[in-house]
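For clarity, chains are labelled A, B and C in written order, and residue numbers in each chain start from 1.
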Amino acid sequence: MSAVRAPAAEPPVQAAPAPSKPPKPFDRPRFLPIFTGAFFVFMFAPIVIVALFSFNSSKSLQRFEGFSLEWYRRFFEDESLRESLVASIQIATVTMLAATALGTMLAFALVRARSRWAGSANILMLVPLVTPEIVAAVSALVLFTQIGWQLSLETVMVAHITFSISYVTVVVRARLAALNPEVEQAALDLGATRWGTLRLVTLPELWPAIVAAALLTFALSFDDFVLSFFTTGESPQPLPVRIYSAIRFGVTPTINAIGTMMLTVSALLILLAIMLPRLLGRRESGLGVLVGRETA
Amino acid sequence: MLRDIDDFLAGRIGRRELLRGGAGLALGAGLAGCGLGDSGSGSKKETEKVVKAKPDGDLVYFNWSEYLDPALIKKFEKQYGVKVRQSNFDSMSSMMAKLRSGNQYDVIFPDQSYAPRLIAANQLLKIDHDQLKNYDNIWDFFHDPKYDPGAEHTVPYGLYATGIIWNEDKISGMTESWNDLFREDAKGKIFVLDDYQEAIGMANLRNGFDLSTVDPDELDKSKQMLIDQKPLLRGYSTDDIQNLINGNAWIHHGWNGDVVNLRNQVKNPESYRFEKAKEGIPVGTDTIAIPANAQHPGTALLFLDFMMDPENASQNVAYFGYPMAVKGAEDAFAKIAKEDPAVQITLDDVTNGQQYAYLTGEDKALWDRTWTEVKAA
Amino acid sequence: MSEQRFATTLLLPGGLWLLLLFAVPLGLVLAASLGSTDDLGNTVYGWHPENYRQAFDPLFLPVLLRSVGFAFATVALCLLIGYPVAYYIARYGGRWKHMLIALVVLPFFVNYLVRTYAWVALLADEGLVNGAITNLGIRDTGITFLNTSFAVVGGLVYGYLAFMILPIYAAIDRMDQALVEAGKDLYGTPWNTFRHVTWPATFQGVLAGCVLVFLPSVGDFISAQLLGGPSTYMIGNLIQQQFLGADNWPFGAALTAILMAFLSIWMVLYLRSAARASREAAL
């Protein structure tokens, strides 16, 4: 997956967090806000510049010469780039669906089961989270070549799914562990089947976490480079791989356009993941789920 | 999650679970040992498939970048009603790496040191010359070249020589020597080809050794020379044309035809020059071949035939600046060589000059290791 | 159906997938690391432990050392930049806390390549920064930012800063304000309060951030490739070259195994520390 994963470990809870009081005026050092402001400028400047120059009418990277949609037009007119965009979306969609399904089931099993296999499955699930991307990519490549599976869209999907499962599991499990099992127990006592309980009791409580995990999986898969680079076939290649090949040639404005579009898609997805639970009546935002407010 | 980790470390999740997880790893290693992955040599039978030259699908094309006239690609597409799906490699090694990954191409462009390698491993389709209308247009010498007896698996493509391309506007005073790649006053603006044969070969020639020496001491000296050169370099790259155009390179280790191609793309063609080094000039032939696992060999045969047509070959020569071994294309190159004698290369040069050898076994491993050490230092 | 059976059924799909498509391939890599190559560059399995010996050859050790060095530098810079930012947002963010943290996270969902490329565009010899420098007359010629070690570390910092900020933010956020107030009374100066109260309380978060930045930085190859030069080769580049550029998968596999082992050591050390702290906190 891409270089980004939510933090996998949590610092221990020290004490019940106190309500945050507004800081007293003489308390606030002036250095901090300025520093933080500079930080945000530093973080966003390159992205803003890329977005800005994607609308530049000339090839120049130094002067903005006029507003133009030229580079976007070129992107959409290039058939192979369009195919790459479609390919990236296909890969991300399949990855999202499969990883969410497998990961959620795994999370449920790990939390609820006293199964003999739970322990080993747990370790097996945690290892991908700490595996460097290049190690993951290399082992996927070796696997595919050794079993004779020609590299293609499907191999990229399989690789992405493998490394997304753990992430989904961790996020969903955090939420699941916080749920009260007694409600489920009550449903069972009242005669519901295990599947029924799952469907009618557990899932409604669980779904913000599932949706958040799913949307993030999509975003990460869409953005992923390293895994895709090692496991992609010749054509079509996912968009980040195309960007990489183009960058090797030097800076071209079409990359600005592609980058800006990918940025917009990812930003929308993240916003969606964060806002969705809030919009649909939950009290907490998706962000809380993601930053891992589990009470271990 | 910390609870699990805590359990794990406290030994509650213990050896048993670890063993089970380890079983997975062992399973993988065991499968490997049983020869699960036998993606090695192909069978001779596959190379002798009977194929007719007719369109049987889109052409999957794998070549150096900027090494075939895009107009010719379009012409081929129109002529036969197929599409050409293009991919590029940037060295023989990466071409091999992609082939090894199981990618299926219809036409590839190995050079004369890699063609025999592929032939020996039964990776190339045997070409039925009757299927190629233009077979007789190929220079007679290439009907039976040393690297491909009987020309059973390849047709020749461009003839090339390796030298140095530079931008006269940015730097002058070149000396027709490999020393020019070591100029202190061009520090940070020099590129060496990102190809183990070309880079090590260049150092060998500058040291006065054989181009393809396999003597460990000599290779060691060349390795050291390349390592010492690194602080002067901007990078290793085979994109000589682009690096010179975008100004990252003033001096670039490169091929004779590329300067012609480059000149066609810029507003100041006179600024770009090519020189051959007096210490020694690597020469060679590129070829076009059809992998044995090609999905559309019929279209591929048509493509080979298409490139051996004198009119197409001449147009290609004008585009990429190398002579092609096709009768009727000589004039196109003669014109180029007249305008710039520096890029001249003849069949004599190629047959008598120093070519990269087809290295095998320990020798190849030695070269590979040398190159990795240069890159890592 | 018993809960056991139910749970085991749910366990199987994901578990089997991970076993066959994650654990087994790692095993294959281990097996390949002991192999050799034939003339076409295909992997031939066998027993060649010299691949590992070669990896520790004096000519390759610098690559590993350099990778670790860059990673340490990245961690240090991320800490220096990340801690104050996390502190400010957690303690003084007020209502805007969540939005600010979301803004911190947002750039990191922009494709890593595109972000790095943005720096290439900015810092290129004919890029924006150099354009500003020459136009404003600060210098006559531009500065070569790219293809240097500084650019590579800068790229790594830019790429992984969020991993440092998030855990520290969470730790500071959880910290009991009363402790800090008490500390101020006890220790007097803000610096002492920080040293004796805030820092120890947030140390686990800092540690988590350091590990989360260190691990991927060591194996990174994108920054070195796009922003670096011939002398900034990292172990990730070396592995990439062996698999996609050269003809030597076994050596690449050996390097991969070494990288994985090296990082696992750090990971285990960190987990021990975190688990110990967790146990102590629960007391």
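Simple rule for what comes next: a residue touches a chain if its C-beta (ideal position, glycine included) is under 8 Å from a C-beta of that chain, and two chains touch if they have at least 3 such contacts.
Note that the structure is predicted; figures quoted are calculated from it, not measured.
Colleague: Please identify the chain with the largest separation between its CA centroid and the CA centroid of subunit C.
Modeller: Centre of mass proxy via C-alpha means gives B as farthest from subunit C.
Colleague: Please state whether A-B or A-C has more C-beta contact pairs across its interface.
Modeller: A-C
Colleague: When the centre of a chain is set as the mean of its C-alpha atoms, what distance in Å lies between subunit B and subunit C?
Modeller: 35
Colleague: What whole-number Å value describes the gap between the mean CA coordinates of subunit A and subunit B?
Modeller: Here subunit A and subunit B have centroids separated by 38 Å.
Colleague: CA centre of subunit A versus CA centre of subunit C: separation in Å?
Modeller: 17
Colleague: Do you know which subunit C residues sit against two or more other chains?
Modeller: Residue numbers touching two or more other chains: 19, 23-26, 28, 32, 126, 243-244, 271, 274, 278.
Colleague: Among the residues of subunit A, which are close enough to touch at least two other chains?
Modeller: Correct list: 8-10, 12, 117, 124, 127, 141, 146, 296.
Colleague: Would you please write down the residue numbers of subunit B that are in contact with two or more other chains?
Modeller: 2, 5, 21, 24, 31-32, 37, 39, 100, 246, 248
Colleague: Note which residues of subunit C are touching subunit A in the complex, please.
Modeller: Listed in rising order, the residues of subunit C that touch subunit A are 1, 3-4, 6-8, 10-11, 13-15, 17-19, 21-26, 28-29, 32, 81, 84-85, 87-89, 91-92, 94, 97-98, 101-115, 117-122, 124, 126-128, 131, 158-163, 166-167, 170-171, 173-179, 190, 201-202, 204-205, 208-209, 211-212, 215-216, 218-222, 226, 236, 239-240, 243-244, 249, 252-253, 256, 259-260, 263-264, 267, 270-271, 274, 277-278, 280-282.
Colleague: Would you mind writing out the residues of subunit A in touch with subunit C in their complex?
Modeller: Spelled out, the residues of subunit A in touch with subunit C are 2-4, 6-18, 20-23, 28-29, 31-33, 35-36, 39-40, 43-47, 49-50, 53, 61-63, 101-103, 105-106, 108-110, 112-115, 117-118, 121, 124-125, 127-128, 130-135, 138-143, 146, 158, 161-163, 165-166, 169, 194, 219, 223, 225-226, 229-230, 240, 243-244, 247, 251, 255-256, 258-259, 262-263, 266-267, 269-270, 274, 285, 287, 291-292, 296.
Colleague: In the complex of these two chains, what residues of subunit B are touching subunit C?
Modeller: Residue positions touching the partner: 2, 5-6, 9-10, 21, 24-33, 35, 37, 39-41, 91, 93-94, 96-97, 100, 117-118, 120-121, 123, 188, 196, 230-231, 233-236, 246-248, 360-361, 364-365, 368-369, 371-373, 375-377.
Colleague: Which of the residues in subunit B end up touching subunit A in this complex?
Modeller: Of all residues in subunit B, those touching subunit A are 1-5, 8, 13, 16-18, 20-21, 24, 31-32, 36-37, 39, 60, 62, 85, 87, 98, 100-105, 239, 242, 246, 248.
Colleague: Which of the residues in subunit C end up touching subunit B in this complex?
Modeller: 19, 23-28, 30-32, 37-45, 54, 57, 59-60, 62-63, 125-126, 144, 147, 229-231, 233, 237-238, 241-248, 251, 271-272, 274-275, 278-279
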